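Both complexes shown next keep subunit A, but they swap its partner, so subunit B is in the first and subunit C is in the second.
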Partner chain A sequence: MLGRVARSTEVYLVGVLLVLSVVLFLLNPKFATLENIFDVLRNNSFLGIVALGELVVLISGGIDVSFTAIATVAQYVMGVLITRYAVESVFLAFLIPIPIGIALGAFNAFLVNRTRVHPVIITISNLNVFYGLLMVISKGKWIYGFPAPFRDFARLKVLTLVSEKGVDYGLSIFTVVWFLIAVVTWLILQYLPIGRKVYALGGNSEAARRAGFDIFRIQLFVYCYIGFLSGLAGFVHAELNQMIQPNAIVGRELDVLAAAILGGASVFGGAGSPLGVVLGVLFIAFVKNGLILMKASAYWHQVIMGFIIVLAATLSAYQQNLERKRRKGV
Partner chain B sequence: MKRPRGRRETQSLVLAAVVVFLLVLLGVLTRGRLLAPDSLQSIAFQLPLLGILTLAQMTPMLTGGIDLSIIATANLCGVVAAIAMTRGNVPPLGAMVFGLAMALSFGVFKGLLIAWVSVPAIIATLGFMIFIRGVSLVLTKGYVIAGFPGSFLFLGNGTLFGIPMPFVVFFLCAVFLFVLLARTRFGTYVYLLGSNPVATLFAGVNNGLVLFVTYLLSSFLAGVAGLVMIARFNAAQADYGEYYLLLTVLACVLGGVDPAGGFGRIPGVVVSVAVLQVVATGFNLLGLSSHLASALWGLILLGVIAINRMIGGVET
Partner chain C sequence: MPEKLPVIRLAHITKRYGGVVALRDVEFSVLLGEVHGLVGENGSGKSTLVKIATGVVQPEEGEIFIEGQKISRLTPYLAFKRGIHVVHQDLSLFPNLSVAENIFAHEYIERNRSFVVWQDMERRALEVLGRLGVELDPREIVGRLSFADQQLVAICRAIASSAKLIILDEPTSSLTFREVQRLFGFIRELKAQGIAFVFISHRLDEVLEISDVVTVLRDGVNIGTFPKGELTKARLSFLMTGREITTESLVADLPEAREILRVERLTRRGEYADVSFTLHQGEILGLIGPRGSGRTEVALTIFGLRPPDSGKIFLEGKEVVFRSNRDAIRHGIGYVPENRLLQGLVLDQPVADNITVTILGELVSRFGFLHPSRKIAVAERAIRDFGIKAPAADAPVRSLSGGNQQKVVLSRWILTAPKILILDTPTHGVDVAAKESIYEMALGLARERGISILFISDEEHEVLKVCHRILVMREGRIVREYRPSEVTEEALRQEIVG
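Let's look at the complex of A and B:
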C-alpha cells in the first residue's frame, strides 16, 4: 500500500514537472536550453544532496534540522586546513569534511536514543550548539583564496558542450555526485537490510522494537548518513561558491525539509523515496528558475513557493483521508 | 496521571535551580551589574518579545503540533499596521486592529487546513511561514517602514507606573493564556487532545474546533508580538527576528512543554523565557558573543533533558 502511494506521488510529480517545463518553455524558450538546465542542476546540487539525507531520517520517523550547522562546521574546518597548509590534493580536501559530518551525526543519534526526547528538539539544540561554537571560534570570518586545484575542480564537467556564443558549458561533476548519491541511497533503502530496517522503524517503531531490531544501530545509521551527506554537501557548497561564509547555509533547514516533503516523504515516517525527493528538489528549482527567467519580481517568489507547499500538503492530506475512508468502508 | 506530573515538577525544580545558579554566576561575573536597576529595566524591555512569541508557540505544542509561521505572522501584522499608520494615516488603534485582523485571517486558513483537512501542522505552518513572509515582502518590497506616531511608540518604549509597556503586554498575555488553559473547558480539551486525540474524540470533544481555535490563538498572539516589536524598533520589515523561531520551541521545551503534546504550564514557560533572556543580557554585559549565548541555550536545554533523564529514570 505504502509503495503504491509513494509511486503515485512520483508519477504525479513527473507529470507536474513536465507540464511546468512546457509552460516555462512557452513563456521563455531559454528555459529549455541545455545550458540553463545544466546550470540549474549544478546550482541545486547542494540542496539535492542534503535533501536525500533528510529523506532517510524522515523515513525512520526522525527529523534533523542541525544538518546545516554540520555542513557549515565541516566545510569551515576543511577551508581552514586547506588554506593554512596549502593542500594541493582535492581528494585530501574532500576527505576532511566527511568524518566531521559523521561524528556530529553520531552525536545527534546518541542524544536522540538516550534521552528519548523528540529529535526535532535535540537537533534544534545541536544546531545552536554547533553553529554558536563555530561562530565564536571563527569570529564569523570568511575563507577564500583556495589552492588552484580546488578552484579548477569546480569547473570539472562530465560532458562539455560549446554554446553559440562560444562559451563552454556542460554537466557539472557536482550534479553527477548528486544523482550518484540518489542511486546509492535508493540501493541502500531498497536492498540492504539496514535500509529495510529504516522503513520498519519509521512505519511502526514499537513493532520494530518487538521484532528485536537494535533501534540504536538504525538511528546511528540514519543520523550518521545525513551527517555524512552534510559533510559532502559542505564540500560541494564550498566548491560551488569558492568561498566559505559561516552564515551562508544555516537558515536553509526548512527549504530542504520542504523539498523532501514535496517529494512525498512523510513527517510521520515510513514513506518516501529518493526519486521523489530528487523530483521535489527539481520542482522547487524549476519554479524558482522560471520566475527568474520571467523576470517576476523577487518578492513574489516566496508567495508562490509557500502557496505550492500548502497546496501540495493539502492535496496529499486529502488523498490520505480518502484512502482511510475507503479502507474503513471495506 | 500522577507519575508524569511528578516528573514535570522535578523538571520545574531543576529549571529553577538552573535560573538561580545562572543569576548568581552571571551576577558575580558582572560584579553585580546584571542585577543593577538599569540592567533589570533593559531585561524587562527585551524579554517580552521572546515571551509573547513563546506563548504563541505554546498552545500548538500542547496539542502535539507546532507553529512555524509565528514570526512571519508577527512581521505581517507589523507591516500591515505600519503601512496603515504611515501611508493611510490611520490612527494607531485602528492600525493595530488592521494588523491583528490580517494575522487572524491567515490564522483562519491555517487552522482550517490543520483542523479539518488534517494537514500535518509542521508542513502546513512551514508552507504558511514562506507564504506569509512572501506577502509581507510584496507589501514592503523589501524595504523598512519607519516613523510611527508617538502615541504608538508608547507600546514599545513607554512605562506604566515604572513598568515597561512591553512587559505589561507580556504579563497580560501570560495571565490571559494561563486562565484560558488552566481554568476553562477549552484549556482542559487542549491538554487532553494533546495527550490522546482518539480519547477526546470518543468523549465527544470537537477535536477540529479545538485545533482551529488553537491556531487562531497562536496567530493572534504572534500578531500582538508583531505590534510590540515594531513599536519597540520604530520600524517594520518583512523578516525581522527570524532567529526567534527555533528559540521559541526551545523556550517551550525548556519550560516543560512536552513536544508530543499534553503537558506544560505557563509558569514554567515564563521562567524559561527569563533564563534565556538573563543569559543573553548577562553575556552582553560581559562583552561575550551572542553566538556563545545561543550555543549555551542549546547546552542548557540538553543539560536539563539529561538531568531529567537521570532523575526520571524508568519513565517512557
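Let's look at the complex of A and C:
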C-alpha cells in the first residue's frame, strides 16, 4: 500500500546493496565478516534513528535540518546532569534527552505553522539558535567520565559471538533499538490515522485543509516525532562514543537527508517508507565502511558522499518525470 | 409525480465583499434527484453562491434551508455532514494515496483513535465504485489514473460520505468528448438513485444536455430558473450577457493570398500521422478536434518543440528545420499555450513586465541596462492597442480578469511581430463576453496586420465564427477540411466524434 513507486525503490535498493556488498567483499574480504557487519550496524544506529524521523517530516511535505542541534542539546543536558549528579540509572539518563527533543521539535512546528515560512529556513535558523546557545553556555567543553552503568550499557549485546581471535562481538542493543523504531514508525505510518494524514498532507496540502484535517496537529506530530528521535539518538550517540562533544553531530545533516532521499522519500512530500530509509542508511554505511577498509582519505569520503546525493536526487527526479509522462499518456 | 423536496434552498441571499455586491436577493433551490445547471459569466456570483451553499462564507442577508430545516449558521463541516458536497475543478484528491483511501480520507478525522483496517476500507470502496458501475482497482494510486477517472474518485468520495447534493464545478473542462458522455452517464445513474447535482459550466451545450433546469446569474442577480425545454443555447447566452451574441461567421472570404506556411506529411509516431495543410497570409485556420487528437502536438512541432519523425515544414516556400522553439521564434512563429495561467504569466509581476518579457532584448540600452521608461511606454501602447482592461501598467497581472490576462499573453507575442501565431484553445475556461473580445482581437490581427493564425479549438461554434477554413482532426489525422459556409455546427460535431 505504500505505492508501487516506493516498493520498486526498495527492491532496487536491495539489488544495489547486494552488488555493492559483493564489490566490497572482492576488494576486501574482511567486509563480509559478521563482525564487520555488526560493527557497521552499531556505528550507524544514530544515523539510522534520526533518518527515520527525517522520513516522517519529508513525507508530510516538510523538512527538518535542525535535528543535529536538537540531538546535541539533548545529549549535552543529559551529560551534564548524569555526571554532576552521578546518575547511576541508565533508564533515568535515557529519559532526560527525550522531552528536550520533543520540546524543541514542538518549537519548530509552532514556527513553521505560524510564520508560513518554508521549513528549510525555519529549521536552518533554529539549528543555529539551538547550537549557538549551547556553545555559548557550554563554552564548547567536552563531557566524559560517565557513571559505570552508562559505560557498561554501551557493551550490551542481544547476540554474542566470539571471534577466532577470542574477541567478543555481537548484535548491539542500539542496532536493535534502531530496527525497533523502524518497525514502530512503519506501524504508525501505515495503520494509524495520524500516519495516513501525514501522507495525505504531503500529497496535497490544500486537499488536506479542505478535508478538514487539523494541519497544525499533523505538523506538531511530525516535528515532535523527529525531535523525540533526535533526543533518543543523542542518547545513543553519547553511549557509542562515551563522550559528548558539542560539535560532533552538527554537520551531519546531509548524510541523513541523503539516506532518506536514497530510500525513496521525496523532497516534495507524500512518498517514502521506513524500509526504504533503513536500506538508504545501510547503503551509505556500506560505502563509508568500504572506503575505510580501502584506507581511502577522509576527503574522498566527502567527494563520494556528495556524488551519491546528486545521483540519488537525479534518479528520483528522473523517476518522477517518467511517472508524469506515463500519466499524461493515459 | 409526488412533490419533490428541495435538498437545499437559499432564500433572499445577499452577499457583499467590501462595497461590491456579489449576490443580490438571490433565490436558489435544488430539488431531490434533480440536475440543476448554473450558468453565468465570470464574476456573476456563481462561486459566491457555491461558497454560501457549502458554508465557506456567510451571507449578510437571507436564509438557508437544508431539507426544509432552517440552518442558522452553516459551516463547511455542517454542510458536509448534511450531505452538501463540492467537486472542485482541481478535484482536491491525494495523488499519492490509493483510490480507497481517497474515498474514505474524511473518516480519519472521526476515527482518529482506531487503527486503519485496509481490507475493510478496500471492500467498502468496491461497494461505492460498484454503485456507479465504475471498474477501478481500489488499491490503485490515484495519481496514476486519468483525469476523468480521478474525477470519478472524487464523486465516489462524496457518495461515500452520503452526499445528497453534489456540486460539480466546471467538471468537463478537461475531459474529452467520450469522457464527458461517460460522466453524464454516471450523473444520470446517481440521479436515478436520488442524488441531486448542481452542474456549473461555461459549455452551454453540455449544460443543456444534462440539466433538468438551469439557473442564470448575471451581475449577482438571479435572472431566472428555467426548465430545459424553454431554453436554447442562443437564449442562454442572451440571458447571461444581456446582449445578443451572433453565431454567424465574422470573417469575409479571404482573397487569394500568398502562402506563409505549408506542412507536408508531417508524422510523429504515437501522436499524429500524415498531416498536410497550408496557411495563407492573414488567414485564420481552425484546427478542431478532441483532446488527444494530436492537435496540440502538431502545433508544438510547428513551434519547434516536438521534432517530427518525418515530413517537411515550409515557411514562405522555403523548407525549414527547427531545432528548438528559439529557431521557430526567430522565424516569426508565436505560440500562446493552452493554459495561460500555468504556462504564460507571472501573476504577481506587473502587467508591463509580463507584456514586454518577449522583447526585453529591444528595450536594453547600449550598456546592457533595461530602460524602465521605454518598457512602460511600450506596455502602455500595447494596453491601449489591444484594449486590455488594467488599472495601470504596473498593476500585477493577478488583478486582471481571465479574459484580460489572456490578452496580456496575446499582446506579448504580437509585440514580437510574428508572421504566424498559434493560439491553442485561447478561450478555454473564459466567459462568453471575454470570448467575444478574444475573437475580435484575433480577427483584427489577421485583417489589419496580416498575421496568419492557427486557431486550435474544441468548440464548433467558435471555429465556424472566426476561421476562414477549418481542419478537423481525429486520432492523429486530419480527416476533413471545411469552409464555415459549407457545414453546420451539428454536422461539424458529428465529424469530430467520428
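By our rule, the second predicted complex is superposed on the first by the 326 of 330 C-alpha atoms of A that agree within 3 Å, B and C clash if a C-alpha of one lies under 4 Å from a C-alpha of the other, contacts with A are read in each partner's own complex, and residues count from 1 in each chain.
What we mean here is this: contacts are C-beta pairs under 8 Å (C-beta built on N, C-alpha and C of every residue); 3 or more make two chains touch, one makes a residue touch a chain.
Predicted model, so just to flag it, every value in this text is computed and none were measured.
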{"item": "First (subunit B), second (subunit C), both or neither touched by A:Arg210", "value": "second"}
{"item": "Partner chain in contact with A:Trp300 - subunit B first, subunit C second, else both or neither", "value": "first"}
{"item": "Superposition-derived comparison: subunit B or subunit C, residues of subunit A touched", "value": "B"}
{"item": "Which of subunit B and subunit C A:Thr160 touches, first, second, both or neither", "value": "neither"}
{"item": "Touched partner set for A:Asn247, first subunit B, second subunit C, both or neither", "value": "neither"}
{"item": "Subunit B versus subunit C as contact partner of A:Ser89, first or second or both or neither", "value": "neither"}
{"item": "On subunit A, positions contacted by subunit B and by subunit C", "value": "none"}
{"item": "Residues on subunit A engaged by subunit C in the complex (per definition of touch)", "value": "1, 3-5, 190-194, 196-197, 199-200, 202-204, 206-208, 210-213, 270-271, 323, 326-327, 330"}
{"item": "Complex contacts: residues of subunit B adjacent to subunit A", "value": "66, 68, 113, 117-120, 122-124, 126-135, 137-138, 141-142, 242, 246, 249-250, 253, 259-260, 289, 291-299, 301-302, 305-306, 309, 316"}
{"item": "Residue numbers on subunit A that touch subunit B, as the complex places them", "value": "65, 111, 114-118, 120-122, 124-129, 131-133, 135-136, 251, 254, 257-258, 261, 267-268, 297-310, 313-314, 317-318, 320-321"}
{"item": "Residues of subunit C touching subunit A in the complex", "value": "76-77, 80, 88, 90, 92-98, 101, 105-106, 108-109, 111-116, 118, 139, 141, 143-146"}
